[in-house]
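Per-chain residue numbering starts at 1, and chain names A, B, C and D are given in the order in which the chains are listed.
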Amino acid sequence: MCWAHSPPALFIADGDTVITETIDANGFDKDGIARCSGPNPMNGPIFVEGAEPGDALMAEIIRMTPIRATGWTRQVLAANVVEPERVRDLPKRERTDWIIDIKASTVRLKEPVAGLEHLVLPLDPMIGCFGVAPSLGQASSTATSAENGGNMDYRGFRPGTKVYLPVAVPGALFFLGDCHAIQGDGEIVGTGVETAMEVEVRLSLRKGQKPNWPRGEDAASIFTVGNARPLEQALQHATTEMFDWLMDAYGLSAVAASHLLGQVVRYEIGNVFDPAYTIVCKIEKKWLPKI
Amino acid sequence: MCWAHSPPALFIADGDTVITETIDANGFDKDGIARCSGPNPMNGPIFVEGAEPGDALMAEIIRMTPIRATGWTRQVLAANVVEPERVRDLPKRERTDWIIDIKASTVRLKEPVAGLEHLVLPLDPMIGCFGVAPSLGQASSTATSAENGGNMDYRGFRPGTKVYLPVAVPGALFFLGDCHAIQGDGEIVGTGVETAMEVEVRLSLRKGQKPNWPRGEDAASIFTVGNARPLEQALQHATTEMFDWLMDAYGLSAVAASHLLGQVVRYEIGNVFDPAYTIVCKIEKKWLPKI
Amino acid sequence: MCWAHSPPALFIADGDTVITETIDANGFDKDGIARCSGPNPMNGPIFVEGAEPGDALMAEIIRMTPIRATGWTRQVLAANVVEPERVRDLPKRERTDWIIDIKASTVRLKEPVAGLEHLVLPLDPMIGCFGVAPSLGQASSTATSAENGGNMDYRGFRPGTKVYLPVAVPGALFFLGDCHAIQGDGEIVGTGVETAMEVEVRLSLRKGQKPNWPRGEDAASIFTVGNARPLEQALQHATTEMFDWLMDAYGLSAVAASHLLGQVVRYEIGNVFDPAYTIVCKIEKKWLPKI
Amino acid sequence: MCWAHSPPALFIADGDTVITETIDANGFDKDGIARCSGPNPMNGPIFVEGAEPGDALMAEIIRMTPIRATGWTRQVLAANVVEPERVRDLPKRERTDWIIDIKASTVRLKEPVAGLEHLVLPLDPMIGCFGVAPSLGQASSTATSAENGGNMDYRGFRPGTKVYLPVAVPGALFFLGDCHAIQGDGEIVGTGVETAMEVEVRLSLRKGQKPNWPRGEDAASIFTVGNARPLEQALQHATTEMFDWLMDAYGLSAVAASHLLGQVVRYEIGNVFDPAYTIVCKIEKKWLPKI
């Protein structure tokens, strides 16, 4: 963790676009050189001029380009995602290398693994960890997440997605890092395919529109994010935030919002590995009232 | 609950197809006549000749046709899916009627609700509750679920899906009911659109192939089902069952199965309302080793 | 599990005292002879004349006398009570024998264990599993517990304690078994010192006084019992039941009951091992309003 | 929260005793004057000369003397400790004043409450929040707790108790505050009787003896503390820490430590209200092997 309490690394204006090169979750850069001790060293913080507590910071993920031909994962399921008495059967958690073929836009194991010889996965870049400074002078580990974002490890944080973060300090102090070439739901081996990327992100203010928890949208859907343990609580935060969004921005009553959520809501699991788990509550835009 | 400890309602042979008319979760039939007190009265049990403990019963959901033009839902989010201090803000949980238009294949609110005047949902039938008799002479409420299935309220239990259930008693004693015209993830208002349906299901044995937890497949994916509280435990059961499936049937090592799950697994939430929650662990067939 | 759906083994009148010999959790009797397959075979059911749904059945535990000079335990912590990544370090869960010295009223390991050579524990008998038939025709495993009692494994269920159980079926159908010579909080090795006992219990009706969850009292305290997963939910049930008790029987307002609970409540953990965990909510009688 | 990232307020030597006046959880001092905005303003940090990462800091709570004749509580159960559907029935959470009679050593409600007219509680002072600086440059809210201590709200942190904290930064940076005149288990109204106290504490180093989680002892028992959500995880941390303590310091094998824990362990609930819950795992000293 490099960023906490650092002075801002960059000052930008509302609406500026930033292009930055991330290093991987262990602190290795595009050339495989150790630049920082892990876990999850971040780029930033970025001070956005005019950002004040009470605002939302909109982060548009415009582009993510891998800048290294290799990534790595842990190679065994995390102990907390299998039945407790079965943990004894798990091998130790070593590290495995993967090949990222940027031209072909694919990801595959570096060394052959029996049964997976033909496994070629699509490159599907996502930002594992990003957010703004928390409230009250807190400085959280970039291993965890909370109202301000952080290590959410949700594969929906990919190019084309906009995220609305609650600004708690002047300048917002945006940070990002921990990019993955691909990752399944839950980050259940404790990693995605960890690598270095060039990330292009536009940061804009929505004055006075601070959400309680991160909100987001892509072309098809709007979504909210709850970060907490256990999963029930993450789901409660995400659902309550969406409930409020439907009532406040779309003018629905509690009953109408419940009808809509009850029959069309989708949940996705960001991670069940980090100190705070992440659940996403999602509604397709086609079901929303016109506003 | 009508079915427990009843003598079998029907005896069939391995591979037979059954067509049955379900009543709704409150016990009302296709004509709106109360036939049974709820919750979740079931059709069955069906005794499958030759079924023995240690077998899997494969239930293929072939067809689900609504046989009533109305359904109903609860109209407010369940208290356990919102932040605890926000429960005070929820209205009381009344009942709302919906129109099921079988020709148009749509579902909509019967009375207009502000902001949802134009909400017309697709008919997307699913079986809320089905399974086989549990082990040890237990008789569970059809409000809950366990290794033997039960009230899982997962919207993936729709026509085209095959489910493999663990046979624990001679004849398996299959039951089903609680059909929904549509339902969001989590059944977070405590219901889908509850109605009566004609269901066509084929029941076949897979001798000696008893899973620990329900397994299933549709055209695109294989999946496993964990039923428990809290969500973490449901996820552990589903993940462990898939882990075992990948190792036993597809010949993967623990490490290879972890690699595959880690980067391509998808989780879906059946319900977070019933006494036991339901989480589904899913892998697209295109990623599986050939066997 | 021997008792489910058995016809009553005994019919008694309201207020009768029963003396019965239990067998251990694996079904072995006082002479070490296998009498029944485990887990947790029960004595009963006992039909109490006049018991009707809506009543409370008061079970007074009058006496518990070990009738075997040996007991046994599992010898390693259960996997779910240690940090998940540490489960790998646990040895396999074998069985260990203990000596129960009835004259000396002590319990000690049969074979010497390094560091525990001088460990002599007091005999502190408790009933691991007891209750009444559940509602709705359910038949639960005696491995678990619910509103009707069951496998609660709470060391406070000892001689001198009265328990009030919710009658759900005519005759109540009381059962008991699974006696322990001693047990720590949580039953964290999965057992107490399992043995056979002679138990004397008086069963009386409190007409129309059905609680939602088991209530109890001993000389010093009143208490309520919640049985559920996770621990939070067990605690919610126990706390809500005590809250209701203070308001209904002691005439306190919600605020007054909160004041009292907030400053004097004690929680105890019955078990964190069984399918449903058990938490006890307790208040010393000296703090209660006079009624 | 006043203390985070402040320069040390005091430098002391290993073994020095400190006497300090705390303010209440809302920042009001002994004279009822607002000195700091809440929640949970702390005294400190105190830099202990010679403290290095890898050490344990032993904090002996020598004396706690109320310095204000009034305290306050919230007056309604927290929403998360009652059954979710019952939260609707709870009144709003207002504040209530209490009288602290230092001479009589009692605590009672300031205004009469029906049914509690005669409730006079013993003064039983405890420190709600104390600890050392966390690792990795984190700065946590004093509303929560973790490996380094923090807002544990355990009533066992009273005069006569010694606590061993894991030093993560040079000087340890000890802090304390949030004193309660009395508090039930779980802090289930969200407060104890919040007041200002004079606290006398001795701080000493145990070089190289850093625990993973706080350890403690009083005259009768040793104990370990787990701080996390949900309760299961707090219990896992506390149990694992005690398991390690028994093996490392008392020379027990995993099996011997399990035997001892299984039959004599006691669990206590610190709080089920704060962001991280607190569970204490306790063993009476009389059961420990001699070392």
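Simple rule for what comes next: contacts are C-beta pairs under 8 Å (C-beta built on N, C-alpha and C of every residue); 3 or more make two chains touch, one makes a residue touch a chain.
All values derive from a computational prediction rather than experimental measurement.
S.K.: What's the farthest chain from chain D if centres are computed as the mean of the Cα atoms?
M.R.: B
S.K.: Counting C-beta pairs in contact, which comes out ahead: B-D or A-D?
M.R.: It is A-D, judged by the count of C-beta pairs in contact.
S.K.: Measure off the straight-line distance from the CA centroid of chain B to the CA centroid of chain D, and report it in whole Å.
M.R.: 46
S.K.: What is the distance in Å between the mean C-alpha positions of chain A and chain D?
M.R.: For chain A versus chain D, the centre distance works out to 34 Å.
S.K.: Among the residues of chain C, which ones contact at least 2 other chains?
M.R.: In chain C, residues 80, 84, 90, 230 touch at least two other chains, as defined above.
S.K.: Tell me the shape of the graph of touching chains, choosing from line, ring, star, complete and other.
M.R.: It is complete, because no pair of chains fails to touch.
S.K.: Taking the touch rule as given, give the residues of chain A at its contact with chain B in the complex, in rising order.
M.R.: These residues of chain A touch chain B: 73-77, 80-84, 86, 89-91, 96, 107, 109, 113-116, 118-119, 121, 182-189, 191-193, 230-232, 235-237, 239-240, 243, 250-256, 258-269, 272, 287, 289.
S.K.: Could you pull out which chain A residues touch chain C in their complex?
M.R.: Checking each residue of chain A against chain C gives 78-80, 84-85, 87-88, 90, 92, 230.
S.K.: Residues of chain A touching chain D in their complex?
M.R.: 1, 4-5, 136-141, 228-230, 233
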